[in-house]
Structures are given as C-alpha cells and as structure tokens.
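For reference, chains read A, B, C, D and E in written order, and residue numbers begin at 1 within each chain.
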C-alpha cells in the first residue's frame, strides 16, 4: 500500500531545497519560510498541513513565484521543477508556466473568481493564452472540462457569472480552470475548507478521479487531517515557517514522530474518547516577528527541555521520504535522559 | 441704393467690427426693455422721427423736417419719402401713428412712458405728413417724445399691443429702417447686424457688426488683446495700461455724461442738516478719488451737471478737501467729539455705514477712502457691500445710511426731475421715482418744473446753472466726479466718435483704415 | 457505546433536571422578504426557518448541525430575539420572549448571550479588551468603575487570559484568544443560556480543543445551557447532549448525540456523517455515500420531503407528502417516511 | 431592467416635488423685488410702470397661490412659466442653452476619467513611489485652487501666451452657420480642462484607493496564477472591478459638477444654463430660477439613474429588483 | 501602561508629514491670534498711492491694489479664514454625522425619507440658496458659517450613512445589541468610532472647501466685509488681468497660505486617522 517504489531521478517533479521566503514589513522581517526542503514525485499527492500562519500558503505561492513583492522576497534556496530552476527563470518564462504546467486552486471559491466576467470566459482566457487555440476551440475545450469536473448543463453554465453558482460549483469551475492546460503540477491551497462536508466530499472524490485520469501531481494544502487521510500519499507538517516532519501518510498517522504532529492527531475530536476534556495543544503559535531561539514549538511542547528552548534542532533525514526536526531523536536527547 | 450722405467715401466700405456686451440683450423691440445691451442694438436697427447730433441737438431723422405751432402746441412732421423697412415695405405715417399708439397704450409695458406724457393726440395728415398735438409746453419734445423710440413697422404687428408686449418672434427678429439690418441672435453668444445697403442716407461703411456677449471685464480685455474683438467700450481703469502696451491696439479716453456721488437718505435725521452734509463733502478727498482711484480718468464734480454741457455753471467750484472746515461745520451742527474720538449728538454716535454694490471695485475703494477720510472728522464709517438686488432694495426703501452710486448717460438734454423732484421721492416702502436720496426742496422743484417748459435754450440753461449752484451748496448728495471712460480698440478702426450719451452715436461712419477690413 | 435512553450523558456535569426546560421553541418561522418589482413590493420570501420546534433543557448542550444556509444561525438569533421571528413562540424560563417590551427585553438579555463564529468581526476593533467587556457591565449598571475593572480581570482570568491583556486591542490577539475574549464578554453578565454560533469553526485544530474545553469547563462551573451551532460533526458529537439536524429551514432529526450519530434515522443525517472525512488513511478506500447536488433554494423549497431531490432512497411519496417530525422511539425524532434502522 | 428604470423614474417624482417646494418657499424669502430689477437707478428711466409689471409677474399673490399656478402650468402644459425679464417661456430659454451645458459637463467628465483613471491606477500599483506622492500633492492642490482663478490662469497661459486655444465662446465667428468639429473642440478645450482639474484630483484619489482594494483581492491572484501578463491583470481583471465604486461617485458628484460648470461658463463666456441662472438670480427672475432648478434636478436624478444602470451593467451581481 | 490619548499621540508623532502639518497649522493659528502684535502695519490704514508695490523691506509681501500691506492682511485674514473654515467644518461634521448615522442605522422608511431630503438639498442650486440664507441675516462671519453649514453637511451625511450600512452588519454590532445596548449608545460607541477614518477625510476636505467658499460668499457681498481681510477675499480681489500679469504677488501670497492651510489640515487628517486606529502600525 505504501508508496515504497524505488525512486529514480526522473520521478521527481519538484525539488525544493532550503527555501527561504521573507516578508520585509514595516514592523520587521517575517521569516514566513525559513529553510524548507521537500520534494514531490510525479503522480503523487503531497499534503502540507500545519497551523494557521505556519507558511503553507507562502509555500504554494513560492512554487508559483507569486509572492507579493514588496514586501515578500525569496531570499535563499531553490525550486527545481522538471529539472529546471524556477528561481532563475525570467518573469516572462514563469508566466508561460503558470496556468499551463503549474496551476493552482485557492481556498475561497467565492472570491477567487472575478465577479464581473462569465466563468467560461475566465477559463477560455487561460486556454487561449497557453494553447494557441481560437475562441471557438477554447469554448469547446471549456465545455469538455466542465463535463469532466461534473458540472451539468455545461453549455449554459459557461455563460453564468460566478455569483450565480453555488460554492461547490464555483470550486468545480476553479478546478476546471486549473486543469485547463493539463498541468503537471496542481497546487490546491485549502480547496475545500470553505465548503460544506457534503460538498467537500464531492470535490475530494472529483480530485481523486481526475488525478487518476490525468496523472497530475498534487500539492494539497489543508489543516484538516481528515482530508489528508483521504487524499495524501505523503505529508509535510509545517510549524512556524519550518517543516517539522515529513513522511508517508500511514507513518504520519500511525507513528507520528514530532510532538506537534502527535498533538495535532490527538486534538482531533474524532480520535479521542467522547468523555472528559479534549486533548489540546496549549498555548499559541509564536509571533513570526519574534520566533523563539530554540525549537519554535518548544513553548507548547509537552516534552520540551532546556535544550529545546535554547537551540534549534536540525532536520534529521531518515530517508528521502522521512524527516523530522526534533531534539527527541538526537543523541543529545538521549544523553539528557 | 438710395442717396449718399455728406462726405461718404466709398473706399471705406467693407469689413466687420466685433463689439462686446456684458449681458445678452433682452428684446430688440424699442422701449419694451431698458437694458443697455438691448438699447444699443435697437439703436442700430431703428430710427426715430428726429435724430440727435453729437451735442444732442435734434436733427432730421425719419422726419425730413418739421414745423411747430406754438399757439396750438402742434408739431407737424414731414416724413422722408422712399424710405423702406428692412423687409422692403415702405415706411409711411401709418407706421408712425401705430408706433406711438403702442408706446402710449395703457397696457404698454414700457419704462419710458413719461417721455410721451405731453402728447395729447396724433393725426395722420397724409401718407407722409403727421401732426402731434401736445397738452402742455414741452421743451424736450423733439429730443424725447420724437426721439425716444424707433418707428415700428405696423405690418409686423397684426395683433397690435399684444404683439408689441409679448410677441417674442418679433422681439427677437426686429425690422426697422435704420442703417443696420438684423441678421442673427444666438442667446448668450452674439447678435449680428449687417449693413442696410439701401439705407436712405447711404449704406454704413461696415458690412457687419457683431456684438459678442462676454460677461466679465477680464475676458473682454483678453479677447481684445487676443484680437478676437475689435472694440471694448469701457476698459477697467487698471486694464488700460495692458491695452495701451499692445501695438495693435489703441486707447481712447472720452467723456461720459453723468456724475457719481455718495448719497444719503435726506430724511435721515443725521443727514437732514445741510451742515453735516457739507462737512462730509469738505472732508472727502475728491482729488484722491480722481487721481488715485480713477487714475485721473474723471473730472472732480461740483454738482450734477457735466462740465461739457451748457447747463454746467463753471463758476461753481468743487468743494476743497478741508478737514478743519469740516470739523468746524460738524461742531456747529452740534456733533461733539466724544471720548473715543467719535462725534456724538444727543447721546447718539456718528456711526454710519457706507454701502456699495458687490463687484464694483471703484466704489469699494471710494468707500474705503471715505472711511479713512471721515475717521479724521470723528465719523465712524463701516464700508459695506451688498449684492446688487439687495443693494437696490435697501436703496429704494431708504435703508442705507450712505451709499455710493452714479447717474450716467445724459447729454445736453439732461433733465433732473426724476432725480431731485420731491414728487419723485421714494416712500418708505420703496415705491416712487428715482429720487432715492429723498431730496425735498421747493426751490429745486420749481426750477425743475420751469426747465421742462422753457423753450428758449439760453434761459433754460440759465435755470440749471442756478440749480447747479443751489445743489452744490446743499450737497443733498456728495458729488464726487464726472466720469471719463477709456475705450480700447483696434489701431486701424477709424472715426469712432462717442457722444456724451452714446458710444455708438456714429456707428455707420466707423470704418477700417487702408481697407484692412478688420484683423 | 451508550445505547440506553438516558437523556443526558453519564459524564454530564451539574445534574440537569430532565424535566426542566429552559428554552422552548415552538413552530418558529423566519421568512426574510425579497423586495422588487415596480413598487418595491415583497415578491417572495427566503424561508430561512420554516416551522421549527424543540426544547433546550437546563444545563444541557443542544447541538445544531446542517449544511450552510439551512437556517442554523437564523434560529439561534430568533431565539435571542435578535431577529423578530415571523411566527411562532420562544419561551425562556417560561416567559414568552416575544411578548416582552423593549426595556424588559434589554434586562432579559443578561440571561442569554451570543458567541460568534468570526473572531475577527465580532470584536469592536476600536475598543480595547477591557473596554469591550466593561461596556457590557456598564450598560447593566453593574458596580462602580473599580468593581467593574475587577470583574473584567476576573473574567479574563476565567477564560485563561492574563490581566495585562486588558489594554490591548483585538487585532493584537490570535483567533483563539479573540474567541476567549468573546466568551468573557458573554459571561460578564452571568447568563444562563448562551447561543454559540460556530464558535470554533474558524479556529485551528489545535486551538479548537482549547476553546471547547474552556466552554465545557465554564458550563460545569456555572451550570450554563448552550445552543451549539456547528457544521463540524465531530465537535458537535463531542460537546452536545442532544443534537438537532437541520435541512432547508426544517429540523429533520433530533436525538441523543451518540444515538443520533450511531444510528441516524434520516438519510440526510446519515449522508452528513458519511461525508465527514475519517482521519485514518487506512479507511480511505471504503466506498462512501456521496450526496449529489447542492441544497435547493430556500425561496421555493421542494415539495413534500425537502430532501427528496437529493435523497438516494426517495420514492414517489416523498415528493408529495411532507413527513411528520415524530418520535421514532426514545426521544429520537425524525421527519422521514422511510426512517433508517 | 425596464421595470427598474420605470421604478426609479417614479421614485424621482416625489423628490422633484420636494425640491420644487423647497425652492419656491426659499425664493419667497429672498430679499429684493423683481419689479425693481427692471429699473436702473443709474440712468434716466422712469418706473411708473412698475405696478403694471408687478401685476404681470403675478407678484401680488401669496406664495402658495403662485406655487399652485406654477405647478399647474408645469403639469398641465409642461411649461415652466414665463421669464419675468422678457416674457419668453422658461422652457424655451433653457432649451436654447442646455446643449451648451451638457456638452461642457459631459466632455469634462469624460476627460477627467480618461486622465484620472490611468493616474489612479499608476499611483495604486506604484504605491508610495515618488510619482504617487506627487499625485497626492496634486490632488490637494486641485482642492485648494479656486475655479475662477484657475480659469483665468488657463486663459492667460494657453490662450494669450501660447495661443493654443481661443479664450472664450463656444465657436468662432466663421462657424456660426456651419458646424466645424475642430473649431468646437478648440473652444471646448479650456473650459473642460478647468472643470476637469478638480475632478481629476478627486477621481484619481478615489481610483487609487479603489484600485488598492481590488489588487488585494483573491481573483487578482487567480488571474496571475493563470499566467496573464501584468498589463492584462490590471487593465482587464482589476480595472473593471475598481471602476465600480467610481461610477457611483460620478452620480454623487453631479450637483457639484453643475455648480463648477456654472462658474466656468461665466468666465469662458460659454452659452449655457449657468449664465442663464446667474443672471436670473441677480434679477430675481423667479420663473427662470425655478426652471433651472428643476432641470438641474432632473439632470442630477437622471445622472444618478444612469450611474446606477451603468453600475448594474458593469457588475453582474447587481439585480435590478433589489433596491 | 500608557493612556489612550498618549498612545494616540505616540502614533501620531511617528507620522512626519502629520507632525509637520500640525506645526504649520499651529503656526497659522498662532499667527491669527497674534495678528495685532506681529503685523507690520495697521490693517485699517492704507494709502491708495502705495498700491501694487512689490515686496520690499517695508512691505515683505508687497501691497495690494488698495495700497494695503499684504503681510498684515494675511495675518488678519487668517483670523477670518481659519475660524470660518474650522467652525463651519465642526458644524457640518456634527450635523452630517448625526444625520447620516441615524438614517443609516435605522434604515428602512426613515432612511428613505431622510435620504430623499438630502437628495433634494443636493440637487438644488446651492449658490442661489446660500445667497438667500446669507441675505436673511446680517452679513458677517456667522452668516458665512451658517450658509456653509446649511448646504455643507449633506456630503458627510451621505458618506456616513453608506459606511453605517456596511458597519451595521458586523458581528460586534449584533453583540452590542445582544448585550442590551441601546441604539444611541451603539451608534456612539460602536459605529461612529469605526468610521472615524472617512469622517476625518471628508472633514479635512471640508476645511479646504470652506476657506474657498467663504471667498465666493464675500465676493457677493454676503460674507466678511472689506476692509476686513480674509484669504479667500484677497485671492478673489486679485482675479484681474493686470494683477495676475504684473503684480503676481497680490495673488501668490494669499494663494500660498490657502494651499499651506489646506495641505497642513489634510496631513493632520491623515495622521489623525491613522493614529486613531489602534490597528495601524505603531
């Protein structure tokens, strides 16, 4: 079941190394991404989970090179997509990729579509831009995509405005738009958070089907572990701008290493006895302007020791797939014990 | 074309002149309105039985000649033959009769009815002879009754008085006999008249006269400088130098019949005492008004009669600027200097407001000069400007303490009844004549009355010379100055000769030098 | 599993008297008019709540779930008379709220409070935390200045915040902290009853539990009664004694929390539960019941059973006949012609 | 849509009614007697006919009778009375000039838009740049300079010194009988620019803040994620959304626009309703004042209606049946 | 812990332009107060002979066409212009805010009627009605202020109403109602403070508008009477060809002070808006 196939170089679609994205605000520097390493294999779904503000969206926007600048800037590291470094590409070259080889779905289907244009036109625009089709061909393509994402009466629906569609429909439109040019990489930033569970279920099933059909690789950003369990092959757990743990989905759920991952899993109401208090990770996420010197999770960590508060743990890479950033798994820890 | 007037020079023919007017005309049918914009244009299109020379003396107009029978008080006018209206219809005595019927009709809405009061009946003798019988002696009949309104084409007014009063089509496309024919009127833009080529006295030199409506004196001057108008009738004093500097333009200073004054309500207890009025007159520096405010473009006034007319009494001199004398007069009048330096009498302080109309810069300056001057006498003055309609309202109701105003546009036919006669005084509700200063002086009334019936010119002038002296003494209003105006015009425009009362007096003789035909 | 017909959970705090009913909602309807046409006349109604009846017992937590737009918030507000109901009655402690005068109502408001979903828009950004809470006390003339200040401190401590936060402004807090401030504000007047409109939906998973725990502790401590509105099924199941399920302005099922989740009677409830993703990757392959389509418009709801357009079990009868909301045994109510077993 | 327009028009009727009552009442308080305006204390005219004129003007009736008469005329004959000054129907006098005013105002509005929108966009996407600060400064200047002053300076500079444009009027003497577009445009240029000066200042400010709001929106990110060029993102996706609030603004600015146009008409000798009404005010020509007031109000109401229709056309979310 | 006003002041001080605006404005006000002591000449005495003199040691800003010292008139003019602008602004803000707040908060029929009245006032030719208002009273500073107020409050009312319509949907308004707060105190404590931004912006624009409107009124003889100077007055009387072409200083100096006042007020407004908002950066 686990994706343990031996990995060759060509299997890797995206390789992110030591990525640092900082925001230079009036109040100070926000290290939204502070040395992030992960990779994504072809045909794989990678879930990024983490607390609000941990840098999930910044990661996805960095992959698109859509960090608002100013104040944001990618200050270090590299993103290699299909063997090419995205960071050394010109803006024009990036534009050729966006919406074409790499596309993105956003959290808010309500506000992510331009309210004053018909939904069909908004997709056509993308198709005509990247695939040298004329308007008529593009329209046919849009209708095909609408059928693909399960929108009934596509001929009529292409002429509607976003506000005339329900949330679920709009998210389908967003997906159709993202799939328009057969992207190799689909980034979905909380695609279902704003939706009802019933609709979320429909959308998740749809994404799964499409992935099978089109063999797209997906980066799925979410904070819902249920969605992760449903969709992901591998999971990256982020906390305060850093990756604290990554592993295949089964290991993450069954054998979480990092105390934060563990806490997250234990906090899920469905995962605990229905009596007594819920398990809770106490405390709040640190202010990104003043991250603690040591492990950023230390102030909330049950296991934290003096060491954790004083210095930052290195990432321990067990394999290509598995990594954790915690003192608990170091020799130093054992010495303390 | 008809005959040719004396001295007509065909080489001068041609070209157009662009004039300006602050306001649009209201109606082009004579006497239906009293605004100067309308009057000026009417003057180009219509003619009366008599015309006036540059001194205001009656000369033949549509009447070739006339006789007067003193016994029956009857004028007989012999009309010019062969004259046609601009639409080609002949002019006859029927038109004259019709015209006067209109002017004198009881429902006629015109502001000049008093000019015709002395007419008792009009009889058509034949197609070109007409008799006017008067009901009293009228020294001014030839220059008022026979001159004050153009002759209308009867055939244009099928509904008679109703057309005269209300027919806008007629009001806006007039037909007369005059040197210019009406061509076009675009509201708030311009009014165009063109030469009447078959004018009985020979066509005017100019082909076309355009009056552009430019509502602001800065704009007027700019257009003159720019060459988009040819003549500005009266430049603002401080804009004269600007125009003078321009090589393509010339300026022309000319006299305007009239006088300016600081008025009072003579019924106001403060001003009822002649000594007070005299004191204020002595205390006002007229010399400065003329030299500094008007930059020399005026005559100091000694009374209401312009120095260029025979009624003026040259022996009457303007009041000196004499502060000591003024103070003495005030002391005599019982106004004693109070502790704060302001005079008072019977516990009442000598504090007055000097009103003027908003937008009139010269009057604003005069009011401020008066404030400064009279302060030295112990009189506290508050200058105060009013929007025109409010200014008038208060003026008519006698609510201003003192006000600054003028009385302009007269010539040798001046007649001051309206201004000084007690029967013309306004009542407290503001009804009545133009005697807004409420002068009530039996001596003045008597002179004014004799003057209108005295047909001997020399005796008549003498009456006003006496009046001049009397008024100067009384200072019912403080006479400040007689105006001179400065016109700005194109260097090449020739023969512009304003009379005391009419800038366009000889418009038909204006011409372009060297045949330039305008710029 | 808890299968007996006990009305409250065994672990329940204080001991709520089964019979004692705090809030009684009877056939409440709330129709929002839609205006239009030439004379701006009412052209139709959004039937946000269309005849809902239930009781909330003293000391219990009544959960309300359902898809977005089904009328959960509207009923919550109608109970507090923040919306005037179109018809029906709401009794609070035996008093008909809709008969109260404005001033009486304002006094009554001490007894019942509201906590909002959005921690960002529910606090006045111009007032400091202290001012926000103190205002509530001031309106009801509770104590003098120093007494009020003391109380504010108490309240902040009660919700787990430091007194030095008093002078801070809402924007300086995280979502969880703001929600605590909102709770403190609601508690300031010692209410008996609180409507919680999705109080944790906007919070991170790790923070959600903190707030839920706090709510439970406070309930225990003060004997509070909650109406807990949410679409997070697991949370509702955890916190509620009884749960009502709404669909298109109607209550379709009501019962003991565990009973309802274990043995849903209404197909809609079952679909809702099935849609909830299970946080276990090993179970992902299992066939799911996917509810097709969207919720129909509340302006012209479907005839008969409102769910029939999406119901996998619907039959002809469902289209014509509206099912009654009846007890299917043990106080487990459902409105379905073909209840599940 | 049709229903919407009809409804809005019907709604305007009571509004116009209120305006007419307010205006009429206020006017009856105005000092100064219109009959007096037909006399001139500065030259030799007699005023014995004043009573005749007063009667003709109907000034002896009480206010409410005059109002009733006026209203009757308006409703029954669609005529707004007769000018005191020359006895012509007010409608006719207004009709002669309305085209001038509208031409000026519409041109000025369009001109302002054409200039203000790019400026606003630019200062939004280059927020806090030097140019942005410069534009901010300009917009304060636009508020601080009185129209009459600006007009005079403009005439001196562009007409007298540079000789680019004629200083006054609506057309040259040559083109009174034939229409010459170029000549008209030349005459239109200065007055329109002067009116625009202030408008550009405020429109660009609003455009800037509206644009700043829009470019933060999610759908802009979506557009970028599609790979669209920045030009398309701004001018296709952002612009139309940013324009929406500006459309309403124009409707609200209309009354001020009229006021500004009136002053400009005076200085540029532009034949329009402004001069008509200023003259009417000075001579207390009540019927004309009423007429101009009503026509301006109708234009304002219509302008707002058009703004709303445009808004609805530009924003598909607006439904006509929602008020 | 600092008090709220101290916090506001601290934030305000951070904004350099706002502080500069405040200093300039304070100087202008000081100038107005101190006019009798710092003026080089007597404002009431002038000699027409001395008119149109360019700036010199004796007349630092030159003299105008009446021969009055421009600097002196600017000092005295500040009194009128600043008082008129600020007092009238205070009135328009008070009336406009209250009116708009009531209309927007209560909505429905009340709103409909109240807004139609605003429409009516806004569509009438202000010029004429200002004239009437002004002439019904004795001309002077207060006439100007009242005239400016009567027709100046509608814009504020409109904006405030619009803001309220959106604000009143916020949860914290509902929370206030839920806790038994009365309508009046909801408006004062929760609604108005949250729209202080737009209110300040309009208010500062009004100050500028009032300075200029005063001159229009005075020009018509309805306002401040000459020789009492006001900046607007001075600028208006300089609108004449030779003045602009040959004696530019007559227009330039009052113009400069108007611009200075307008800019400083707007900068203060911007600074104040940010300082009053606890969310703005410290």
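Methods note: a contact is a pair of C-beta atoms (placed from the backbone, for glycine too) under 8 Å apart; a residue touches a chain by one contact, two chains touch by 3 or more.
Please read all numbers here as calculations on a predicted model, not as lab measurements.
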| remark: Chain with Cα centroid nearest the overall Cα mean is chain D
| Which chain has its C-alpha centre farthest away from the C-alpha centre of chain A? | B
| field | Most remote chain, CA-based centroid, reference being chain C | value | B
| remark: Quick note, more Cb pairs in contact for A-D or A-C? It is A-C
| task | Compute the distance, rounded to whole Å, between the mean C-alpha positions of chain B and chain C. | result | 89
| said: As a quick test, compute the distance in whole Å between the mean CA positions of chain B and chain E. | reply: 45
| field | Centroid distance [mean C-alpha coordinates] between chain D and chain C, Å | value | 53
| Sequence positions of chain D contacting 2 or more other chains | 31, 152, 156
| request: Please list all residues of chain E that touch 2 or more other chains. | output: 131, 135, 239, 241, 245
| query | Taking each residue of chain A in turn, which ones touch at least two of the other chains? | reply | none
| note | Residue positions on chain E within touch of chain B in the complex are 44-46, 48-49, 51, 65-66, 131, 135, 139, 219-222, 225-227, 237, 239-243, 245-246
| said: For the complex, give me every residue of chain D touching chain E. | reply: 14-15, 18-19, 22-23, 26-27, 29-31, 137, 140-141, 143-146, 148-149, 152-153, 156, 252, 255, 258-259, 262, 277-278, 281, 289, 292-293, 296-297, 300-301
| remark: Seen from chain C, its contact residues with chain E in the complex are 77, 80, 82, 105-107, 109-110, 113-114, 116, 118, 121-128, 135-136, 139-140, 167, 169, 171, 182, 185, 188-189
| How about chain A: which of its residues touch chain D in the complex? | 64, 66, 94-100, 103-104, 106, 108, 111-117, 125-126, 129-130, 161, 163-164, 174, 177
| query | In their complex, what parts of chain B are in touch with chain D? | reply | 18, 23-24, 26-27, 33-36, 107, 109-114, 165-166, 168, 171, 184, 186-190, 192, 210, 212-216, 218-219, 222-223, 225-226, 228, 387-390, 392-393, 395-396, 405-410, 415, 418, 430-431, 433-434, 436
